[in-house]
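Each chain gets a letter, A, B, C, D, E and F, in the order it is written, and its residues are counted from 1.
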Amino acid sequence: MDALELLRLNLLSPMVLAFALGVAARLLKSDLAFPEALYTALSIYLLFAIGFKGGVELSKTPVVLLLLPALATLFLGLLRPLSGYLLARRFLGVGRADAGALAAHYGSVSAVTFLAALTFAQGVGHRPEGFLPTLVALLEVPGIVLALFLAKRGGGNLGEAFREVLTGKSVVLLLGGLLIGALSGEAGMERVKPFFVDPFYGALTLFLLDLGMVAASRFAALKQVGFRLVLYGTLLPLLHGALGVWVGHLAGLSLGGATVLGAMSASASYIAAPAAVRIALPEANPSLYLTASLAVTFPFNLVLGIPVYHAIAKWIGG
Amino acid sequence: MDLVPLKLVTIVAESLLEKKLVEEIQRLGAKGYTIVPARGEGSRGMRSVDWEGQNIRLETIVPEEVALRILARLQEAYFPHYAVIAYVENVWVVRGEKYV
Amino acid sequence: MDALELLRLNLLSPMVLAFALGVAARLLKSDLAFPEALYTALSIYLLFAIGFKGGVELSKTPVVLLLLPALATLFLGLLRPLSGYLLARRFLGVGRADAGALAAHYGSVSAVTFLAALTFAQGVGHRPEGFLPTLVALLEVPGIVLALFLAKRGGGNLGEAFREVLTGKSVVLLLGGLLIGALSGEAGMERVKPFFVDPFYGALTLFLLDLGMVAASRFAALKQVGFRLVLYGTLLPLLHGALGVWVGHLAGLSLGGATVLGAMSASASYIAAPAAVRIALPEANPSLYLTASLAVTFPFNLVLGIPVYHAIAKWIGG
Amino acid sequence: MDALELLRLNLLSPMVLAFALGVAARLLKSDLAFPEALYTALSIYLLFAIGFKGGVELSKTPVVLLLLPALATLFLGLLRPLSGYLLARRFLGVGRADAGALAAHYGSVSAVTFLAALTFAQGVGHRPEGFLPTLVALLEVPGIVLALFLAKRGGGNLGEAFREVLTGKSVVLLLGGLLIGALSGEAGMERVKPFFVDPFYGALTLFLLDLGMVAASRFAALKQVGFRLVLYGTLLPLLHGALGVWVGHLAGLSLGGATVLGAMSASASYIAAPAAVRIALPEANPSLYLTASLAVTFPFNLVLGIPVYHAIAKWIGG
Amino acid sequence: MDLVPLKLVTIVAESLLEKKLVEEIQRLGAKGYTIVPARGEGSRGMRSVDWEGQNIRLETIVPEEVALRILARLQEAYFPHYAVIAYVENVWVVRGEKYV
Amino acid sequence: MDLVPLKLVTIVAESLLEKKLVEEIQRLGAKGYTIVPARGEGSRGMRSVDWEGQNIRLETIVPEEVALRILARLQEAYFPHYAVIAYVENVWVVRGEKYV
């Protein structure tokens, strides 16, 4: 398959189309709206299911195989907030608090972007490593903590923010699911597969429909925050994505695995990070970081980024 | 029946603050509170999208001096950075001793 | 299978029985209640899934095959509000606003009645055309608009009501799902089938349980609105149902397809129409139109109507 | 398999682990929380699905086979509130109202404990009788009514409480599902199996995650109510469990069936009973009965009790 | 425009009581009411866990004598055993006759 | 601390009207509002079934003249055909300038 064919394949997946439908619904001012409980239920389901599947895979993986990829992920988790912070200070010219807030988002990871990349890689015919969800959990936390540290150097209650991130629901569900999957293994999987595995992509499609509406309701803010933020929200992912692919390749991941790690590295958090930032850096402007991660970076990765990281992975690995 | 006059303080705030606010008002002397999830709009824009979290509407019946302490604390630590408003009303209750 | 056997088959389907359970729960004053979010989640799921399945089928259907059935549907969409309006004025003796409100409901379509008819037809062994959901979307809108027009001749903000209907959540989900299904085709279907197709009838069963409770809570209003409304709510469906079957037959639909089109034509909306009517015709009495469509026509079609339309289809087509 | 192996099997099932994760999340003060609508939706789904599956099985069971087990269940339903009441009066030294409240909980049944036992028995390789859900419905009501009667002897509005229990949502869903399953039989089952049967254990896993959080939020109350309550909440289940196994054996149940009946008999209600008790015995202390049934007995049965009842069943039956 | 003074009675109570409370206030003369689901904390502990049920916040606009009757009834039959509070406020409405 | 007296207007209305009502009050001078989903019963019968939609409870803190304008507008365009009520109360806030 050539690059264009892959882009088409990605664009015409139910998930990407559902995201587009959500955007369209909001732009058309439709009264379509997901009840908050449905959104929360879907996110609980998705996070736990990712973790669980990863855990079952993990129970079949020798630990040594995990070592290098885990180190690579930690490296990404520490480097990305730095680049995010610096670029925000220099290129966007914002203050410490806003730069720290952005860095926390681009230092963490978006589980949905991870899933979209996984689906894409599998759709293309690769078989990404089964332990990748473990890496998602690993990538989620350190970036946020480091970014808050950068912003607060000296003052503030970092401890509280740290606790907040570690016991945040996304980490608890991901890691908890992972543990449960690892402990109950194939025998457990057999019982709950028709709930946590088979309908997974359908549920994700519905979730993306909602995400599309949320992202679109932020488009209006784009004008206020300006064109530079759009550049920030696309260049940084490209940089982090390429880095992720490369580091993944070095750590011995397969072509599919490197693609997915690239997408993870390119993604910006919008579940764990916003909550932590709002508590630890209340003076940062939510319009800035939410718009960048939700209305710029997420759609960019979903539509263009993932095929690009795949192309990079092929180019490096092939 | 004896009706006792007290103050009802209502706080509308972003929901992330719930735990903190509850701790604050209890520390300042409130014996109870009632919370209702809400959405709304003010000077900091619309608050109804899931991602930024919604608002909560917290109300607590307290003696006047506690009401003033709560408002003072909000003004000092919350009004500058967070989406929060607060207002006070006069209410009458039956069992006055329950609230002091 | 003879007629009685078919009626029995219909009555003993989990869906019809779940509706009856809902009615019973309400009459017994049970505290059973669906959270609003569950009801909304189920309706989002059902509408999107109908659309999606229809879209995938559509991607395999040559457009020419669709032409005649689509025309037939449009014809039904324009004729039915007229008969609904006239019968309301003459037979019920209500004013313009109330007649327009009733006409909007009986001019639109009930997605759940459509599904019940589809299930019935498949259960009997027919294979209704795959593009029928497209017709549901087509039938939903024009009837409402025409009816409002009838009621308001001259004054009022029809434009707003028209926008309301077109961007209403049921149309957005149905048409959006259709589009996504058509674009992503079989490849997309494969991914999400265990979510949008396999569990569909079970979710519908749960939805009907709730619908039964809602319908039953309207039974009390039946006494107020009187016996004529009950006649209106059963004769009109019979008329529209026969018409729908006949027109479907002329348009070349199979026996199963004509049965389903008949049921669609016989049905009364209770999602899109009430919202539009409440905005455009606030002076109309909700007790009248909601009771007729929810407490009379819907159960009538579910229990008796569908087998009758099937009998008519057999009689015309055989 | 020896006893230890069975215990391990039980402890490492996704369901028990999910419960533990819920407990951990609460102890860690995580912000993870299920929306109320999700909890309600899951409980509606689970109760209806249990009933429905039971009903379909019932439609294949000759009534005579059911007679003895039903009598045995009724017997348990009448005896258990008595023992619960007496032990509460003598051993805990509480007043009439509190003893009646506890008796109502330990006289009724926990559907989730039933499911956990069923899963366990099937996991071990037994084939428990298909009509067991019928027995759950039978066991739910009489114990509560008798217990309230014990507490109120003479005064109060027992009638209201009785209606409350009979039309309570758990009874309506269980019995309603049962009826629908029995009437629609295998043909109905085929349609809705991918919704009500296949994903069942996964949904239960999610439900147990929530239940873990609820139970953990009661742990703090344990200190107040004291050590005797913990004893009450473990000894009574052991007694009732052994009794249930024995009576089940006498009534001709298979080894798996007797295990499950034992677990049912050992369980304490936390859906139907609390609601009924709060209305009929408002002067009883909720801290007492909710803590005992949710924070002591339920986890005890889930983790230790079920394997123990299985061992007893083997010992009696083997 | 004529503004008519009336009383607003607000009751916060455990949700199990909803049906009963609605019957009571209607029997005592209330012509309408508005209910919002709530959670809260008071002398009977936290009420936010699903199992014990949440609270409701019921408000009804009534003439003064009805307000007093409602409070008296609550004090007699509900305050002792249930988690309930109630308070009264002064409000002004346009269509006064609607509420009597 | 300076407490500034203002008016709190509360509107209970069928939820379909949300968008319209928000536009109206903003046009008439309200600087913010808070909405809570509600159910209820009044002269137009029970409003708790999903199909007819529930109610919303909208509150907005405004100066007195804005409050009067809002009530007048409701009386003119909403009370006749829709299930709506509204009432006014006295409240005190800290940052008075925020609401005018």
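In the analysis below, contacts are C-beta pairs under 8 Å (C-beta built on N, C-alpha and C of every residue); 3 or more make two chains touch, one makes a residue touch a chain.
A quick note: this is a predicted structure, and the numbers were derived from the prediction, not measured.
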Seminar exercise, completed: The chains touching both subunit D and subunit F are C, E
Exercise. Relative to subunit D, which chain has the most distant C-alpha mean position?
Worked result: F
Seminar exercise, completed: Maximum distance between Cα centroids and subunit E occurs for chain A
For this session: Using mean C-alpha positions as chain centres, tell me how far subunit B is from subunit D in Å, no decimals.
Result: 41
Problem set entry | Inter-chain centre distance, subunit A versus subunit B - centres from mean C-alpha coordinates, in Å | 36
Problem set entry | subunit E and subunit F: spacing of chain centres that average the CA atoms, whole Å | 20
Exercise. Could you say which residues in subunit B touch two or more other chains, in rising order?
Worked result: 36, 89-90
Seminar exercise, completed: Where subunit C touches two or more other chains simultaneously, the residues are 34-37, 40-41, 194, 199, 275
Problem set entry | Touching pairs among all chains present in the structure | A-B, A-C, A-D, B-E, B-F, C-D, C-F, D-E, E-F
Exercise. Hey, which residues of subunit A end up touching subunit B in the complex?
Worked result: 36, 39-40, 210, 214, 217-218, 270, 274-275, 278-279, 282-283, 286-287, 290, 294
For this session: Could you please specify the touching residues of subunit F with respect to subunit C in the complex?
Result: 14, 16, 45, 49-54, 81-82
Exercise. Which subunit D residues qualify as touching subunit C in the complex?
Worked result: 35-38, 40-41, 44-45, 48, 52, 163-164, 167-169, 172-173, 176, 179-180, 183-185, 187-188, 191-196, 198-199, 275
Seminar exercise, completed: Counting only contacts in the complex, subunit B reaches subunit E at residues 1, 3, 6, 8, 22, 31-36, 61, 89-95, 98
Seminar exercise, completed: The subunit B residues in contact with subunit F across the complex are 12, 36-43, 55, 57, 68, 71-72, 74-75, 79, 85-90
